[in-house]
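Please find the structures below.
Common to both upcoming complexes is chain A, partnered first by chain B, then by chain C.
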Partner chain A sequence: MASDAPQATGDFLPSEDGEPVNAVEAAKVVQSPPPEQPKSIWTRRSIIFSFWAIVVCFGLPLWIRTTTVYRADLPLRLMQQWADGLTCQFEVPLHVVVEAPGVSPTVAERLAQTLEEYYNEQNFFPIHRLRVTLSDLPQYDDSLQSPGSDRTSLAGASSNTVLTVRLKPSESESTALSRLDPYEAVLDVYYSPQHLETTRTAESHTRWPFSDTIVGEIQKVFAEEQATLAHLFINSGSPVKIDHLDEILYPQRKEKLARRATRSFKYAPVYHLTFSLFTPAATPSAWEIKAALDEYLEPLLRSFTTISNFTIDTQIQLFASFSPSIHGPLYNAESRLWTLQKTDLSGFINAAEWPLSPSIGEGPTINFILYVPGERGTPLVIAETGGTSWLIPQWGGVQILNLERDSGDRSMLTEADLKQVVFTFADQLTSLLGLPTSPASHALRISSLTRSHTISLILSASSTLGSLARLTQKLPQISIPDTVAESVDMTIHHLESACNGLKAGEFNRALEHARTAEAEAEKAFFEPSMVGQVYFPDEHKVAVYLPLLGPVAVPLIMAVIKEVRAWRAARRKGG
Partner chain B sequence: MACNPRNTFPGAVFNSRERSVDLYDGVFGAGDGLGLEDVQRNGGIEVDYRGNEVTVETFIRLLTDRFPSSYPRSKRLVTDERSNILIYMTGHGGNEFLKFQDSEEIGAVDLADAFEQMHEKRRYNSILFLVDTCQAGTLLPSLRSPNIIAAGSSKKDQSSYSHHADQDIGIAVIDRWTYYNLEFLEREVTSTSSNKTIGQLFDSYDPLLVHSDTEVRYDLFEGGAQKARERRVLDFFGNVQAVEMGGDTEEEQQWREDLVGLKRLIERNMQAREDAALHPLLSEATITAAEAPLGLLKKFQVVSAKATSGWSKGVGGAMALVSLGVGWSMASYFEY
Partner chain C sequence: MLLSSLLTLPAAVLAQTYTEHLHLSPLAQTSHLLAAFNFTSTTPLPAYESGHFTHFPRSLAQILQHTKTRELHLRFAWGRWDDEQWGPRPRMGRREGGTGVEIWAWLDGQDGGGVEERWSGLVNGLSGLFCASLNFIDSTRTTHPVLSFSPEGTHADEVRGLESLHGTLPHEVVCTENLTPFLKLLPCKGKAGISSLLDGHKVFDANWQTMSIDVRPICPGGSTGGECVLEIQQTVDVVLDVERSMRARGDPIPRPRPIEELECDGGKVYNGGDTCYPKVKEGEMGWSLSRIFGTPVRGNCHLADGHADPDITLEVPLDRIVNVTNAQPLDLGNGQSMRSYRLPDHPPGQYTDLALPQQSLNQAVVQPQPPLYATRTITGSGQQHGGMHARLHNPHPYAQTITYFESLPWFLRPYIHTLRVRNSETHEDVKLEKMFYTPAKDRERGTHLELMFTVPAKGEVELSYDFEKAVLRYTEYPPDANRGFDVAPAVIRILPNNTNGEGAASSQHLGEGQGSYIRTTSLLLPLPTPDFSMPYNVIILTSTVIALGFGSIFNLLTRRFVLAEEVPVSKLALRIKAIVGVARGVVGRLKGAKAVEMGGDAVGSGKGDGVGNGAG
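Up next is the complex of A and B:
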């Protein structure tokens, strides 16, 4: 019989229905918590899910956006093609105008035709192509002709004319066959009637020797330019093929060009000219340099306007002493001259004390120094040559002026004193600007310089594009701002215009485009914000992120793992 | 350093405890330009960057010339493909880094990248890179641009030491490797036409005196170790200006006539241009006029593209401000 009251004997028999009968027993049985309601499971899972959703949908994109380096899209393949020289076929058409007023139109036409034919068929330098036209001016009167008349400025009727060939009847047999005008781009050719005879029986396949000689003269005019361009193409590694290389670039010419390249400044749209007067004594303390420059140097600078602009500054420094590193002038008793050793010339300019080469602005400064020795130190010459001037490559020129006056008049240098000085400076300036020396006409030299500058700027801008392309590929962690992409687009646009301008024969416009292309390419490459300081070794990255994200990540990850395990266990039990 | 408040000799920096040469002092013979009777001091160095300007960023900008266009030319490294550059770095350093100013360091990889950029832009012909720090040789393996001769004062896990201290100033005044470099230059390179080579310079280091092993890298140089060791020390340490003698007087005479003639020509051209400006056939003036609107049009396009993006940014900013303001006012409402 079951009894309700506990037995006094202490028998711990469990009751029939499994319920614990006293406190000790109750402690032994582990009571499981009530099973979770589905609602709370779902709440927990959605909380974990929402945390992860914020991390993935909001946090991760934000982190990626704020830590990736912004790199604008650059047309790398096109840039590389420009750098390899595959996009621009260089062609320099030379427009020549023939003026033959005293000659019948058919003969003049034939002359123009044969000139073009004979020049282009020898194909000596394929980049130069001749295009000959006849000028359509009315016959001019010989009596009106004045030396260097101004007709050529209107004669070609276009600014693309490179050379004008003017035929004149020769007065006597002894005159030279041809003569280049020293200032303008005009080749005067003197003919006598028998030279034109061949065309009376004009068959298109008989060779005209007169035309051949003129072609030879034209070839001589452009010979140095061909050498300069060949030198440029070879030095830049351009794939342009140049035949007859040994004839165009024979050793002396090559050396001359190399010296010119070392000596002359790189092309810049603006040059700053500085004229300084240094003297170790108190006099001369004034000079009429402005008048002298306006009178004698201004025309030269004006002739360069299509290429570059110039600004002029002047200064005087009194009590200027030599640098202690040179020996200084030595008195030579026999010739009664003070002489400077050649080794002293490099240290002549006391760069520490003489105020030179400031940064006036963008563009290089060309310094011209006039040194007037003191009364006791006059006359001062260079020992070996006896000359008084020298040139410092890519820097400027120095000249010594020995005044032959007594102390009373020494305080001012007049324009007459400075005339010869300015002429020497002008000579040094043209050497420093790289003006070629060969065609004897100044205008031809300037136009030749325009063309060689255009081509060298195109080559330089293209190689900068190539460097930029290689750089962006080699340094993947450097940021590339939008301005660089814009500059690259502008560079390519201007390069194409420059190339087309060259082909069309509009050299001044081509130079402007080439100049802009070079400026934009340099701006793109030397972008100030592209400083490569963002290299972090991986240990740094771990060291920064771990303390920040570790404590946050651990609970999230552990929660997911636990949840997944529980879900799998529930599925196994249920399924 | 010279103006550091702890410097016992203000404004002066010496390279040895004898204090015979003040590096900042440039005293030159006065004279009247005829000769030098005064004592020649060898100081007078020019310092372009000092104090707080010396940072890693400035150094890398200097090497790669990434400055805004308004930056003065005298503070830039204006070099081209014919320049030889000497880079001498000394101070504290370690495994693949060098310390700048107690607060930052330049890594070997950043340095190598800077040299690579210089090579890309053809800013040097050859570089002599000398480093005097602890474990200086570890900076060398990352370099990868051609035509660099690099030397470090000590190998990996080796320290470089200072030479001696000046008791009055209270710190060491020169490091050992630098001291022996200077001794070579003062003793062997005696004039501006000296022919001492880099190989002789590197061979003159005695590891027992320098207390560390110099690590040198020749493989980047064209021609390898042999050509590198044959380069003259003065190619890098000296700066001798080349000079071209003036032309003869015949050319000057020619120039006189040329210039006078040119002047007349220019005047006549100007006159002709004024006359021709009324002439309808002259095409030059019309060409430039036709060009102008195209140029302006292009410019307008660029400007307007920028303007629209600024507008959208303004809207985004305004919305952010408004939402923050609403949030703040709601929070303050709920607080009460």
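Up next is the complex of A and C:
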């Protein structure tokens, strides 16, 4: 065959001595074209080369340029590190200030020293570290003893102070007594002179029982917070190792924390509170809700200002009917009560008809519903418990207000009527916001909530970063606009600040940074322009242009193959 | 007109109030009934601003607060008001909108601008609230009218900081899903009082219907003194065909009545039993609320605010008999033909009905004439050019100053140099007193055209201009592109006599300064519509042509030219020829065998053919 035969001048010419295919063919081969000029071979090859050069140098870059999606550079490794929890070593220093007016400076100093020593020695929880300092107020100031000066003494403590331990002398008690202030972060410890005396006799290597007692009290204060944080770390899959986990997070407490977590809202910087009055009749058509809220709810909301802000709106909805999916109240003739079955509570809110749409703007809406049954349906209670209020997890609270039947004017609910109602709502609000139930001091609970929110925000922003990193690696076709890269940089920057803020004990600042980091991370992950590009694969692009590329590519490639063959044959012959 | 006086009713009341009112008036000489529902509620402005909404709908209030909307007017309309038969429009046309959805509002633009963004927030919020496509009102459908609308509420000195924006969606089909959220905004939610009559089946079966929501602040002591209130007025106006509405509910499908039930004119001569000349109706039709709306009025919606306003008014001649069940007639003492009723307070949950039997009246009621007749049409033919032609006819013996407002989509490009406003009879140009024109920008904003001129007494003015139709981009066509594109109705405002634009704007009182409104019907604009498979065809075709051209040029450049005899035979061709030859041989042999069997002589020639072809 022709391919086996060496070719004369390199072209389509079967050789003379090639074996003819058959007789007819052999008879037909009469002439062969003259050998081609080297110049024309060179011309042809340069033509083919220039075509290819245009395709490679111009066409291909153009194609790549016009069909690539823009991918901004992301610090993928750093993002993954954040997600793995390698960058931020969580550490929460607890600044405790000891205020010991009337105690000699040496004793007070030693007390502070032993407190820090004993606590950190007994502490299983690696994240909490106690730092005890002495109040820099003059120690022997008699004016501080007067009860009126309590508040001013607090002002002396720096804003980073978590807890103030205030020593107060008491004569009668033989054992040291302590009491948490219900509003301020102050632990009052009552001591008798003999408690302090112990220290004078004892040497530094023996333990001081008085100090031990106070450490025990402080541990009680932070026990719930430790459990909350431990729960948080476990649930977020964070690599933080916690020894003695079972002691901190025993099953009963774990269950309680899990229940709290399912009930409470996800953290948001702004919550919208909506108070609605629903009634199946035309009355009451007015309520003094503004006055009642200002009086009974406002102080609570003010205490939350470092964590979240609140907007309030109220409305009255008349002629509100139950949804058809529930059985409705049943009349219990014995107790002369209308009763709601427990199974009906979940369907009590008639979502289709009651206008409880979420508020506009960032942040979730918490609904509080006051239901005043009509005159015929009064009194209405829950069948099993006889209660009148319940909580709907991550949504809000409901309360039934049974008005006296013979009360003459039903058209208006006064502030006095609403007092108890608002108290119940306030209670429901604290549990919807995830406020811990202990310790007894409200200020401590708030600051504990600040810390746990900060850590949970850092964890969630980090894991969002990790998801984004994995997503961009998995989908090479996805476009990454510059805004995403900016958001990621912002997130990392704020995460670092939050982490440092935690370490420095500046919890409010840390929360602010963590909040921004979370918002930026969400913004980066849910960038709308990234989503549209997901399903635009390379195959699609090729398929659209195949009618053009196919017919153009075939002659180009064939020409090259032919030339290469000819060139090879020529070389073999020459060699 | 008596109806117009209804507009000023709620302005007198203050603070936390709610009134509702239904006005019924049969339209003279037709079998149509106009039912005008009005629900007005006010709330003190400070309470509203601090979020204590009481009866003001919270969902709407939040949108308004979020977007800093100071005054809102929202309209849903469907159908055509028949000027010639039905007379002037209810509420002087101030509570009606153009076909589809129309919205205009005054937004606070003082603190740092961003009005466009707030407007977009407003329409998007309302879109969700009313289940309408209001979110499609983007910058191309938004205009800033100057003359045609003026604020109805009291706005302090901030009027300068307020911006008026206007948007229309003529394509929107108004239906039940818009009425349901509308009713939810009412304190009684359509469960008690006159709103219990509002049922989607009836409202949207009407010949003409319009729903409106108007929110405005009112300060009775002027903008500075007195306690301000925020008023929300919701109205539903429907023109019902009495006969059609009263047909049995059990048989909702319209089908021809059996011949026995038809009322035929016995005075005519009939050739067969299957023909019928309809009998001319005599006197007034009998009707009742419960038969027209399918239900009587249920209970009342008096919110214990001490008002004793009538709930229902009925405008029929005095000698018409009215049977009232469970309602208390009020004597207003002002109208000869107006009767007022208040729904009973005790016991609650009663049903109230009004029934008017069929009756022949001695004197026919004369329907008053509308302030102006207006028609607007698209002229011209072809895909590229067209013209707009509007006729405004003044039936009254006095001249009327009007403003004419058009907001045109950007793909309709008017040639303003061709704009002619002429008197139809004298063919003289009418002097334009004012003109505001904002040219369109492709894909950014539409045309805004506002004219102010006077229509002479008993005269007619023609307005015309030419326009060019733009070619849209492939993706800009809607799914039903061949239907055409809706052009929003023109809004004609008849200024109150002896005032000009500034006078109207400065006068705050609703009754005085607003004048009355008329809207033309919306138009359908056919645009050049491409074949939507075109891009793929173009890709394939151009690719093929380019590939062909490239292939031949490339071959010309790289092929070597030799004599035909010198062309070497390629291996492939040789092999194919060999295969074909073998195949022919086999076929020939088979044929030969057959021929032998049949005893034919064609054997030789068959064989010869096979060989010859194989060699060739």
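Here is the rule we use: the second predicted complex is superposed on the first by the 445 of 575 C-alpha atoms of A that agree within 3 Å, B and C clash if a C-alpha of one lies under 4 Å from a C-alpha of the other, contacts with A are read in each partner's own complex, and residues count from 1 in each chain.
By definition in this document, a residue touches a chain if its C-beta (ideal position, glycine included) is under 8 Å from a C-beta of that chain, and two chains touch if they have at least 3 such contacts.
What you are looking at is a predicted structure, and each value in this text was computed from that prediction instead of being measured.
Colleague: Give one of first, second, both or neither to describe whether A:T274 is in contact with chain B, with chain C, with both, or with none.
Modeller: The answer is second: A:T274 touches chain C but not chain B.
Colleague: Name the chain, either chain B or chain C, that contacts more residues of chain A.
Modeller: If we count touched residues of chain A for both partners, the winner is B.
Colleague: Who does A:Y296 touch here: chain B (first), chain C (second), both, or neither?
Modeller: After superposing on A, A:Y296 lies in contact with chain B but is clear of chain C.
Colleague: Could you look at A:P547 and tell me whether it touches chain B, chain C, both or neither (first, second, both, neither)?
Modeller: So A:P547 only meets chain C here.
Colleague: For A:P481 in the superposed arrangement: first (chain B), second (chain C), both or neither?
Modeller: neither
Colleague: Quick check for you: in the superposed arrangement, does A:E36 touch first (chain B), second (chain C), both or neither?
Modeller: Only chain C; A:E36 stays clear of chain B.
Colleague: For A:P126, decide between first (touching chain B), second (touching chain C), both and neither.
Modeller: neither
Colleague: For A:I48 in the superposed arrangement: first (chain B), second (chain C), both or neither?
Modeller: Second partner only, chain C.
Colleague: Check whether A:P379 is in contact with chain B, with chain C, with both or with neither, and answer first, second, both or neither.
Modeller: Touch partners of A:P379: none, neither chain B nor chain C.
Colleague: Once the two structures are fitted together, what part of chain A is touched by chain B and by chain C alike?
Modeller: On chain A, the residues that contact chain B in one structure and chain C in the other are 321, 353, 357, 359.
Colleague: Chain C touches which residues of chain A in the complex?
Modeller: Touch residues, chain A against chain C: 1-3, 11-14, 21-22, 24-25, 28-33, 36, 40, 44, 47-48, 51, 274, 276, 282-283, 285-286, 289-290, 311-319, 321, 353, 355, 357, 359-361, 411, 544-545, 547-548, 550-552, 555-556, 559.
Colleague: Which of the residues in chain B end up touching chain A in this complex?
Modeller: Listed in rising order, the residues are 26, 28-36, 38, 40, 44, 46, 56-57, 60-61, 64-69, 72-74, 80, 82, 107, 109-110, 113-114, 116-117, 120-121, 192-193, 240-248, 251-252, 255-256, 258-259, 261-266, 268-269, 271-273, 276, 279, 281-284, 302.
Colleague: Which residues, counting only chain C, touch chain A once they are in their complex?
Modeller: 16, 47, 50-59, 61-63, 66, 125, 129, 184, 187-189, 191-192, 301-304, 348, 539-540, 542-544, 546-548, 550-551, 554-555, 557-558, 560, 562-563, 565-571, 574, 578, 615
Colleague: Per the contact definition, I'd like the list of chain A residues that touch chain B in the complex.
Modeller: Going by the criterion above, the answer is residues 148, 150, 153-154, 157-159, 182-184, 262-263, 266, 280-281, 295-300, 302-303, 320-325, 328-329, 338, 342-343, 345-347, 349-350, 352-353, 357-359, 362, 373-374, 376-377, 382, 385, 387-393, 395, 397, 399, 420, 423-424, 426-428, 442, 464, 467, 470-471, 474-475, 486, 525-533, 535, 537.
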